[in-house]
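We call the chains A, B, C and D, going by the order they appear; numbering starts again at 1 in every chain.
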Amino acid sequence: MTALEPLVARTSDFIRDTVIPVEYEVVAHGRVVDDALRLDLQKKAKDAGVFGPLSDVRYGGLGLDTRAQARVLEAAGASLLGPLSVNGSAPDDGNIHLLAHAGTPAQKERYLAPLASGDIRSSIAMTEPAPGAGSDPSLLRTVAERTGSGWVINGEKHFTTGADGAGFTICVAATADGPTMFLVDQDNPGLRVGRRMPTLDHSVPGGHCEVDFVDCAVTGDAVLGEVGLGMEYAQVRLAPSRLVFCMNWLGLAVRAHEMAARHITGRSAFGGPIAEHGMAQGLVADSEIDIAAARGLIRTAAESIDEQGPASSAARHHASIAKTFVSEAVWRILDRSVQLHGGLGVCEDHLVARFLVESRAFRIYEGPSEVLRWSIARRVLRSVR
Amino acid sequence: MTALEPLVARTSDFIRDTVIPVEYEVVAHGRVVDDALRLDLQKKAKDAGVFGPLSDVRYGGLGLDTRAQARVLEAAGASLLGPLSVNGSAPDDGNIHLLAHAGTPAQKERYLAPLASGDIRSSIAMTEPAPGAGSDPSLLRTVAERTGSGWVINGEKHFTTGADGAGFTICVAATADGPTMFLVDQDNPGLRVGRRMPTLDHSVPGGHCEVDFVDCAVTGDAVLGEVGLGMEYAQVRLAPSRLVFCMNWLGLAVRAHEMAARHITGRSAFGGPIAEHGMAQGLVADSEIDIAAARGLIRTAAESIDEQGPASSAARHHASIAKTFVSEAVWRILDRSVQLHGGLGVCEDHLVARFLVESRAFRIYEGPSEVLRWSIARRVLRSVR
Amino acid sequence: MTALEPLVARTSDFIRDTVIPVEYEVVAHGRVVDDALRLDLQKKAKDAGVFGPLSDVRYGGLGLDTRAQARVLEAAGASLLGPLSVNGSAPDDGNIHLLAHAGTPAQKERYLAPLASGDIRSSIAMTEPAPGAGSDPSLLRTVAERTGSGWVINGEKHFTTGADGAGFTICVAATADGPTMFLVDQDNPGLRVGRRMPTLDHSVPGGHCEVDFVDCAVTGDAVLGEVGLGMEYAQVRLAPSRLVFCMNWLGLAVRAHEMAARHITGRSAFGGPIAEHGMAQGLVADSEIDIAAARGLIRTAAESIDEQGPASSAARHHASIAKTFVSEAVWRILDRSVQLHGGLGVCEDHLVARFLVESRAFRIYEGPSEVLRWSIARRVLRSVR
Amino acid sequence: MTALEPLVARTSDFIRDTVIPVEYEVVAHGRVVDDALRLDLQKKAKDAGVFGPLSDVRYGGLGLDTRAQARVLEAAGASLLGPLSVNGSAPDDGNIHLLAHAGTPAQKERYLAPLASGDIRSSIAMTEPAPGAGSDPSLLRTVAERTGSGWVINGEKHFTTGADGAGFTICVAATADGPTMFLVDQDNPGLRVGRRMPTLDHSVPGGHCEVDFVDCAVTGDAVLGEVGLGMEYAQVRLAPSRLVFCMNWLGLAVRAHEMAARHITGRSAFGGPIAEHGMAQGLVADSEIDIAAARGLIRTAAESIDEQGPASSAARHHASIAKTFVSEAVWRILDRSVQLHGGLGVCEDHLVARFLVESRAFRIYEGPSEVLRWSIARRVLRSVR
C-alpha cells in the first residue's frame, strides 16, 4: 500500500489534465459518450498508469483492496468521465467483481480478461418492468428452461445498463432450481436490445436499455458459477457495486464543492464577497461535513468487505448504510453547489447543473433509499431480539 | 367572487383536456415551446373562458384579485404549459402588473393592451453578468444617458427572460437621477439579443437570453412611469411576480404528487402494494403537508397584496416567505414524486423527471432562497428593536 | 367578528402584564401550577374580559368560531400559563367541545356549565398502558358492563390528563354495543387516581395520571350521549382538540422567536452583533417561515371545522396536517431559540430552555406524528383510487 | 493495541453491571451526582481495570491513543455516568490532556497526578458573561496583573464546569503579554464559586458555576506553561476535548437507539408490532446511519490528532466537523428514540427523556454548531484561494 498516495495523485493529475477537457466537450458541446471516446480515454489511462483499480494484476489491473479503491475511485470520480476512463464504472465494476468471484477458469478467460482490459464492455440484465423484478428480486419473471444442449431464456428486462454495444450480458433468470445467472454473448440472436431509456444520466456508454430475451438459446457453460445461486451471486456483487457508486459520486461532489467555494470567493454582492456571507458559509460547511461523513462511511464499508467478505452480513449492512447516506449527501452537495453558483448554476453548459441532473438516479439505482432503509432497520431490529 | 369555483373547475378541465396532451408532445417527443404553440394554446384558452387571470377586464382579462389568481393559477400550473396557455406566466405576468401600475395611458395602450391579449410577448432586462447586478440590484452597471431627443442606453444583461421573439423589453438602467425603467421595442437596432442561455428550464418561449444594449437610442416617452423610480417599480413588480411563480409551481407539484400516489397504488413489491409500505406513505404525507403549507402561505401573501398593496412592507415580507418556502417545498415534492416512481422517475420522457429538472431554477430566479432569508431575518430583527 | 382585533389585543396585554410575571415564578422559582394559581389567573382573565374563548356565551364564554379562537389562543399561548388562564387548554378544551356537542341538557348543566366557568376542571381517560389502547384506539381494554341500575367499569388508564383534582373524568370503555364514553364524578370510589406520571411537561394542573377503574359503578345517565358512539365522539373531539394544541404552542413559539431575535440584537461576537451574522439570520428566517406556515395551516383547519364540521373528513385531514406540521415546527422554533441564546439557552431558569422541554410531548400527545402521517397518506391514497 | 477489544468489552460489561444500576437511581429516584457517588464508581472502575482511558500509564491510566479512546469512551458513554466512572468526562478530560502537554514537572506532580487518579476533580474557567468571552475568546475581560511575588487575577466567569468541589481551576486571563492560563487552588480566597447555573444537564459533579476572581493572588509558578500562550494551549485542549464529548455522547445515543429498537419490537398497534411499521423502521434506519457516520467522523478526527497532533490545522478541522455532526446526530437519535417510545418517551423517569434533555447543551458547549460551521467554511474557502 506504500504506492497508494502516488497512485491517487497520478489519478488526480490524469483526471485534471486528460479527462476534464473531454468532459467539457461532452457537457458544453454535446459530445456523445461512446466507445470511441471510452477507448481513447482508457488508452491514456493505461499510459498514465492509472487503469484498472478494480482488477487483479493478472488482468492488467492495479490489484487494490477495497480501501485503496475508495481512495483511487474518489480521485477518478472528480470527472463524470473519470471512472469510465480508468475502468471503474458501472456496470463493468460489478461484473468484474462477480466474474472474479464466481466464474469458471474458462469464463474468466473468455469474459473477465477482455472486460478487465477494456477490450469489451458488459451489461447486466436484472431489472424487469412491472409486475416483474424491480427493487424486489423475488418478483423475477424471466425464465430459463433446460433444453437438451443447454438453456433457453425468455423474458423482458429494462434498465439494462450498458447493453447497447456490450460484448456480453449477465442475465438473471428463474430456473426450476432457483434464480440463475447466465453469460449471454451480445450477438446471440435471442438477445434483443431495444431502445435506450431516456434517463437523466447520459454518461454511461451503452445507456440503460430495454432488452428482450426471446427464445434465447445458450449452452450449458453459459451458467455463471452454479445453477440456482443467482441471488447469492447478486449479493456478492451488490455491496462492492454499491460502494463503487459511492466512491465515484463522492469524487464528483468534492469537485463541485470546490468549484462552488471558488465561485463565491470571486463574486461580490450586498457589500462584500459572497464567501463572507454567513448563509453561504453555512452551505459550504454543510457540504464539507457531508463529504467527511461520506468518506468515513465508505471506508467503514470497504474495510468490512476486505475483512469479512463482500457477501457477509456486516459488509452488506455497511454498504447499505453508505449507499443511502452517500447518495443523499451527494445530492445535497451538488444541489448546494448549484445554489452557490446562482443563475449560472442552472445553465446546462455549466458543469454543476449537469452533475446534479446526472446524479439523480444514484438514489434509485442499485437499491432506492427506502428499500435500503428498510433492510438496514430490519438488521437492527433482528439484532435486539 | 361567486364565479370563482366554476372558473377554477373550467381551468382544470382545460388543462387536462387541452394542455396536457400538448405537454406530452413537448416532454416525450421534444416539441419546442415556441410562439406558434403558445398562440394556439392561448386561443383555446380564450375559447374556454379561462384566459387572462392577471389582466383587467378592460384588456380582456378575468379581473381577479390576487386571492382568486392563486386558485386559478394553481389549477393552470398543473401543466408545465398551463400558465403560458392562460397568459399567467413569467415574465409577462410581472410586466402586465407593472404596466398597469406605472404606465402612462399611452404606454398602456401601446404595450399593455397587446400584452394582456397575448398578441405579443415581453421581456425584462434586469440581471447583469458579474460584476453587475445579479441578486444585488445596487450593482447595476447598465447606463442610460440623456440625449437631446431622449436617452441612449448601454450595457450588458443576461437571464433576460423571454427576449427572443418578444415585442418589447423593459430595461432597467442607471441614470443620473437613479435607476430607471425603459420600454424598448424589440426591433430597436441597439437592442441585441444574443444566445439563449442553456438553462435547465425549457418551457419559456423566448428563453433566458443574453442581451446587449449598444448605443440603444429611445425617445423620452420610453421611460416607464418616472425617471429615477426604477427600484420602486421593481418592488411593485416583485411581490406579485414571486407569488405567481409560487402559484404556478405549486400546481405542478400537486399534479406530480397525485401521479406518484397513483403510481404506488398500482405497483407491488416486497409483499404488497407500495402504497401500503410505511416509508412510501411517509413521503406521500410529507408532500401533502408541504402542499397545504404552501397553499396557506400563498393565500396569506395574496391577501397582503390585495389589502396592503403590492409594494407594502407586509406584502413583500409575506411574498418573500412564500417564495422561499414554496420553491423549496416544490423541489421536495417533485423529488419525492420522482423517488416514488422508482426507475421510471428518472426517465426524461416521464413527466416527473422533467418537472424536477425544470423546477430547479425556481429557487434562484426572482431572488435566491439565501437572499430572501436574509431579507426576512432583517425585517424580523428590525421589528424587535 | 368586528370585536376580534380588540379581543386579541386585550389577550396579549393580559398575558404580558398578568400571566408572564406568574410564569416567571413558575419557571425560575419553581412555583407549582396548582388550582389556587389557576383560579387566581382565571379570575383576572374574567376581569380583563378575555376568559372563555372556547365556550358559548350562554356559559359565560366569548362565543368564538374556530377561526377567531386561533387568533385569541395564539395570543394566549404566548405564555406557558396563558391558555390555562383563559380556560383554553387541554384537556378541558376538548371536553367543553365534546359536552357541547354530545351532552344531554342535564349533563350540560351538571358538567359543562361549571367546566366552562372554570369552577371545576375535568379529565379524560382514554389512553391505556400496553397492550391496551395507546395510539391505536381499537385496542381498548377498559370494559363497562350493564348492571341493573347502570354500569360498572373496570380497567387501567394512564396519561389521564388533569385527573388529580378534577371534578369529573370522561372515561372511554368498551361495551357490548361498542366503545362508550362515561361521565364519572371524581369522588366515585371506583375511580382511583394513582401517581402523576413524571412527564417532561409540568404546566397542566392535575398532571398526567395513572387511573384505575375498579368496579366503578355509575348510573345510566352517566353515558355521554349514546351508548356505542364513543369513537364517533372521540372524532368530534379530536380535530378541535388537536387544533387548540397548535394554537397554544404556536403562541409560545412566536414568543420564543421574538426573545431570540432580541437576544442576538443585543449581543456581539466575532466582530459585530450576532444579529448581523448570516447563520444566525438563517435561523431567524427559518423560524419566521415556520411560524407563517403554521399559522396558515391552523387557519385552513379552523375554516374546515367551521364550515364542514369538526368530525368531517376534511376537518380531520386538515387538523392532522396542522398537528403534524405545527408540533414539529414549534419544536424547531424553540430549538433554534435555545441555540440563538447560546449557553443561557440551556439554563432552566431561562424561559426558552423550559419551553423546549415542555413542548416535547406535543409531538406525541393527541396522536404521534407518525400515526398522523399514516392517516394523512391513507386519505391521499384513497382519493386517487 | 491487541488488548483493545477485551478492554472495550470489559468497559461495556462494567457499564451494564455496575454503572447502569446507579444511573437508574439518579434518573428515576433523583439521586444526586456528587463526589461520593463518583468516588465509589471510580473505585469500581479501577477494580474492573477500565479506569483512566485518557491518562498515561505513569499516572495509572490505560495509555491509549485517541483512536483507542474512541472505542473505549463510546462503550463508557452508554451510561450518563459512564464517562465519569472511568475518569473520561469533561472538564477533567481536557485538563488532563492540557497538563500533560503544557505542565511543568512540578505542575504535573501537583495537579495532573491526583487528577488522573481521580483523587481530585478540576475545573476550567474560560467562558465569561456578556460582554466578555463567550463563544469568541477574543473578548476576554478577566485580567491578571503582575505583582512583586506573582499575579493577581480579577474577573467574572460563568459556565465554569465542575467548579463546586474541584481541587483546582484553570483560569484563562488576559495579561500584558497575552492570554495566559493560571492554575488556581480551589481554596484560594480570591476564587469565589457562586451559584450552580441551572442547566438542563445534571450529570456533572460540581455543575456549571458562576465564579468570581476577586483580587485572586497566585504565585509565579501558577502560570500553566508559558505566559501569553493561553490561546495556543486552549487550542491544544480543544480538539481532544470536543472529541471526547463526541465519544461519550455517541455511546449514549447508541444505547437509546437500542432501547428504542427493543421497545418497538415488543409493542403492537394498528395490526402488528410497531417494529414492522415502515415509518418506525425509517426512524430506526436513520439513527443507524447517523451512528455509523458519527463513528466514522470521530475516527477520522482521532487519527488526525494522533498523526498530526492535537493543535494541527487538520486535527482542528476534523474535530470541528465531528463535533458539529455528532452533536446534531446525537440530538436526532435521542429525539427519535423518545418518539419511538411514544408517551413513555416523555416520562422523566424513563431514561430516554432524560438523555434527550441532558444532551441539549452538547450542541452549544465547546463551540456552538454555528461557530463551528463558520470555522469549517473559512478553512475550506482559504484552501481554494
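Everything that follows uses one rule, which is that contacts are C-beta pairs under 8 Å (C-beta built on N, C-alpha and C of every residue); 3 or more make two chains touch, one makes a residue touch a chain.
Worth saying up front: this structure is predicted, and the values here are computed from it rather than measured.
Asks: Considering A-C alongside A-B, which chain pair is linked by more C-beta pairs in contact?
Replies: Of A-B and A-C, it is A-B that has more C-beta pairs in contact.
Asks: Compared with chain A, which chain's mean CA position is the farthest off?
Replies: C
Asks: Based only on mean CA positions, could you tell me how far chain A sits from chain B in angstrom?
Replies: So the centroids are 38 Å from each other.
Asks: What is the distance in Å between the mean C-alpha positions of chain A and chain D?
Replies: 41
Asks: What whole-Å value do you get for the distance between chain A and chain C if each is reduced to the mean of its CA atoms?
Replies: Their C-alpha centroids are separated by 52 Å.
Asks: Which positions in chain C touch two or more other chains at once?
Replies: Residues 277-282, 370, 373-374 of chain C touch two or more partner chains.
Asks: Over in the complex, which chain B residues touch chain D? Could you list them?
Replies: The touching residues are 277-282.
Asks: Which positions of chain C touch chain B when the two form their complex?
Replies: On the chain C side, the touching residues are 257-258, 261-262, 264-265, 275, 278, 280-282, 284-286, 288-289, 292-293, 295-297, 299-300, 318, 321, 324-325, 370, 372-374, 376-378, 380-381, 383-385.
Asks: Under the stated contact criterion, what part of chain C meets chain D in this complex?
Replies: Going by the criterion above, the answer is residues 127, 130-131, 134-136, 138-139, 158-159, 197-201, 267-270, 277, 279-280, 283, 338-339, 342-343, 345-349, 353, 356-357, 360-361, 363-365, 368-371, 373-374.
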